[in-house]
Amino acid sequence: MADKVFITCAVTGSAPMPHHPNFPFRPDHVAAEALAAAEAGAAIIHLHVRDRDTGVPSQALDDYREVVGLIRAKNDAVILNVTTGPGCTWMQSEEDPAVAGPGTLMFTAERRLEHILDLKPDMCTLDICTMQLWGGVAINLDPMITKMGHMIQDAGVMPEIECFEAGDFVFADDLMAKGALPKNAPFSFVLGTKYGLPATTEAMTYCKNQIPRGARWTGFGVSRHSFPMAAQAVLLGGNVRVGFEDTIYLRRGQIANDNASLVHWGVDLVERLGGEIASVEETRELLGLAH
Amino acid sequence: MADKVFITCAVTGSAPMPHHPNFPFRPDHVAAEALAAAEAGAAIIHLHVRDRDTGVPSQALDDYREVVGLIRAKNDAVILNVTTGPGCTWMQSEEDPAVAGPGTLMFTAERRLEHILDLKPDMCTLDICTMQLWGGVAINLDPMITKMGHMIQDAGVMPEIECFEAGDFVFADDLMAKGALPKNAPFSFVLGTKYGLPATTEAMTYCKNQIPRGARWTGFGVSRHSFPMAAQAVLLGGNVRVGFEDTIYLRRGQIANDNASLVHWGVDLVERLGGEIASVEETRELLGLAH
Amino acid sequence: MADKVFITCAVTGSAPMPHHPNFPFRPDHVAAEALAAAEAGAAIIHLHVRDRDTGVPSQALDDYREVVGLIRAKNDAVILNVTTGPGCTWMQSEEDPAVAGPGTLMFTAERRLEHILDLKPDMCTLDICTMQLWGGVAINLDPMITKMGHMIQDAGVMPEIECFEAGDFVFADDLMAKGALPKNAPFSFVLGTKYGLPATTEAMTYCKNQIPRGARWTGFGVSRHSFPMAAQAVLLGGNVRVGFEDTIYLRRGQIANDNASLVHWGVDLVERLGGEIASVEETRELLGLAH
Amino acid sequence: MADKVFITCAVTGSAPMPHHPNFPFRPDHVAAEALAAAEAGAAIIHLHVRDRDTGVPSQALDDYREVVGLIRAKNDAVILNVTTGPGCTWMQSEEDPAVAGPGTLMFTAERRLEHILDLKPDMCTLDICTMQLWGGVAINLDPMITKMGHMIQDAGVMPEIECFEAGDFVFADDLMAKGALPKNAPFSFVLGTKYGLPATTEAMTYCKNQIPRGARWTGFGVSRHSFPMAAQAVLLGGNVRVGFEDTIYLRRGQIANDNASLVHWGVDLVERLGGEIASVEETRELLGLAH
């Protein structure tokens, strides 16, 4: 187990919104949830944005600006880790298997990084997977990721490498070797997607053994796998992610009021298992981020 | 280690042909290599076809018919395992990341299985991966694979499930659960592709632990990983694949004369490691194939 | 994760007593703690006895009779799992490395099982390790264990096979093969001793993969490893053991009032991780014990 | 896989001699086999001595002196790795489980190291296991091993840490932490004993993950496990041990003429699997031994 464990709170995500009376999607609500999560012990806030009226995922620069601005107005310490996920979804048409169908959302590198280059948050996620994902294909090929990796580094932002599959670690090695990713980038293991690495002890152990010696990592499971995999990450020396992006439940049948409740759950879990929570400052130190 | 180990020889594949004076691509040559490989101890022949003039991969029904016919004319016992791989390659265009570019070869299920339904070989491979593969994307989504799985079963052919990635095992479970794949289908682990599961002991051990209890499996590595992974498969209780599709080398710097030489290498390896080679009849028994 | 998880409470053990105002050692206190632990959700009580005046471990038949009698007077359902551990400790003398020194306690099979044959509890533990243990040697060689295994079975008691080391699983296989242990015996993995299998995810995963398909198992860690390994056992599909034998802490710096507090901790852990607690009846079913 | 793989040849061992017309036990024969093994590609010779008349294991200083002298007279480069194994065997008497019975051979540290302090070979083995072993108990407790470790280091000899069990790695960590073993000592994994770590891929992978980062290691299996585990060691990045101590067979049913034949087998194996054999000089470099 790591001595100090940091917690990321993923406050809203970009999946279809679950039925929950307090699920945040308006910019002010997302920011408020983020601030409360930080208060509760999350050193890192993972941000997506949603349309303020409908809650559908947004890729509007203005939405990112507003949420980040509202958070930074009240808390300039917490680490912001902003998504670059939207724009790699390809759906197969029914007519021709080579042609994109409805639901496809494929961006250029410039479009995917517009808000990152503008806002220069501490960190941004970088999905490097190409895989069947929730009925479509996530496409993140070498030329695209290489370009994005250089742009992110040039902006002074630390990428968190999101790995969904075993091959992603091989790809990450090659990307690091050619300078497209920094050698000290942290990793995130996303377990339990259909169809990537499953949310099991074996899969997380496998992941842990694939990354560079000393690399920091967070392991988490989607949906009902959120809590078991949070515990597993702590036991394997990794860090924890919680939040409404992953689940709205505290345990079977018990809905969490808000993101902060999930952070409290995570803090309690870490402490029960014998670990200590890393503060924002300690987390910046662990990740090599500016203070 | 399994008591009896069967050997598959993959005689030609569909990659660009290496420089080798005896690399088989004409139908009669492919058939001759297959027959010699069977003579040398391969219980299963894995078949692709190539254009008789240029050697580029063929998807012509006539080519499949000719090769299979030439083999069956002299050997009606050896197990034929015919590829269904061609037709799932999508290349990203440089102009628009959502649009297919040059090199794309995407078929419908009917087109991918035309030769299988016609020839009804003992087995056929079924790639179930969606992933970055050699610069493009292999796309094999659930609707396509479900349809192919039913068509293959309806034709009385045994699919061999080709797994390139960790998520493929989760997908295979779901496919078996809904009847799209037979529960006794054998597996093949394809290790060392860019970018799938790597050719390591850890990855093959992981794979072995993901398949149904008692399922038969073959593990192999591409290119220079062919021999190490053949040994690893034997040590883990799996079966062996060799052949020009994977490598033309016997060891570093030493080119194999023909596929049969590689089969001899495999036979020797199995016996040195304490195993015994399964005959064609024993392999049919192990795989639940008709005699 | 298993659907139903059972909890064993090890109420007193036989290690030197820690400083704790409520550590049970008098027979009535041990029985009261056992009953409260059962009330709190433990389906199995693991019992040692201690001298009523000094608290040093006892091997007196009368002490076992008294504790078991007091429990059964109030609860005839809870599963009793009585130790057979005392009597396998050999300390090396300083003068001659072949000769036993002070602290040695080596019994014959008959003496080690006296209370088991007398009381015929539902279960008894059977340590099958030979190893360096807390400065001495635990000696449990094949002839001794084979004899004990037959005597336990003849008494109609179910042995729980305690494994401290990797070789214990090989030994257990051989013992089962010759009938010295029943093939459906449950296993317990004891992790973190000096010097046996460590209290790590890797070690517990290794253990899990060594036992017969379908065998029930409990994994636990000694001392400060108690809680992390309880969580790990749940995540790997095993069952949980808690109790003052393993730790008196609820978390770092926080002492548990009693065994029941630790059972409550275990119940909460299982439920948070998505599992359900097995009742006594369900546990009897899972273990193949008489109702 | 490691780039360079070194081979140890264990020429005679101390087990009961198998029926073999050329099994070496006389000092001149042992030395001749060692020299031929070095000639065949073994960079390290692992030495035991036997009585020149009966072949039973010897612990006579003169025998060690004679064998080492005969080797060094003709080859002053090859690395000599001399056993310190004899003297840790305790057999349980039938009358009293605390008392040593026939077959017990327990030495003091001074007696176990007499020949090492006298001959100061490049290396010596150091068994750190306490376990059931071939019907008896191998006893190597902390005080004894700590003392031996210091004496070996003071003599300028490099100990090779022989691990038979999972707990041995925890013990080795503690020994290194207190200076009883050098932090750069190489490890040897002895797999397949009754009853230690089994000769499986999983067990060797487990071992590999327990040793300090960058530590050199050799993995081998006893008896029929010799060849499979030699291959497994190469595949996992370790080094190879062969020799009559482990097996007299080249493959099932085929007896090796001499130790050199087994070394040739090992050389061929390494090369087939894509590795290269380390020379004596390269091996000294890898192990940090004087040239």
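Labels A, B, C and D are assigned to the chains in the order they are written; within every chain, residues are numbered from 1.
We take it that a residue touches a chain if its C-beta (ideal position, glycine included) is under 8 Å from a C-beta of that chain, and two chains touch if they have at least 3 such contacts.
Chain labels with UniProt names: A, B, C, D = 3-keto-5-aminohexanoate cleavage protein.
Fair warning: this is a prediction, and the values are worked out from it, not measured in the lab.
S.K.: Could you put a whole-Å number on the gap between the CA centroids of chain C and chain D?
M.R.: Their C-alpha centroids are separated by 36 Å.
S.K.: Averaging over Cα atoms per chain, report the distance between chain B and chain C in Å.
M.R.: 49
S.K.: Whole-Å distance, chain A centre to chain C centre, using C-alpha means?
M.R.: It comes to 42 Å between the two C-alpha centres.
S.K.: Could you check chain C for residues that touch two or more other chains and list them?
M.R.: 202, 209
S.K.: If every chain is a node and each touching pair gets an edge, what shape is that graph: line, ring, star, complete or other?
M.R.: Contact map by chain: ring.
S.K.: For each chain, which other chains does it touch, given as pairs?
M.R.: Those chain pairs satisfying the definition are A-B, A-C, B-D, C-D.
S.K.: What does chain A use to touch chain C in their complex?
M.R.: 1, 201-202, 205, 224, 227-228, 231-232, 234-236, 251-252, 265, 269, 271-274
S.K.: Give the list of chain A residues in touch with chain B in this complex.
M.R.: 90, 92, 96-100, 104, 106-108, 130-132, 135-137, 139-144, 164-171, 174, 193-198, 202-203, 206, 209
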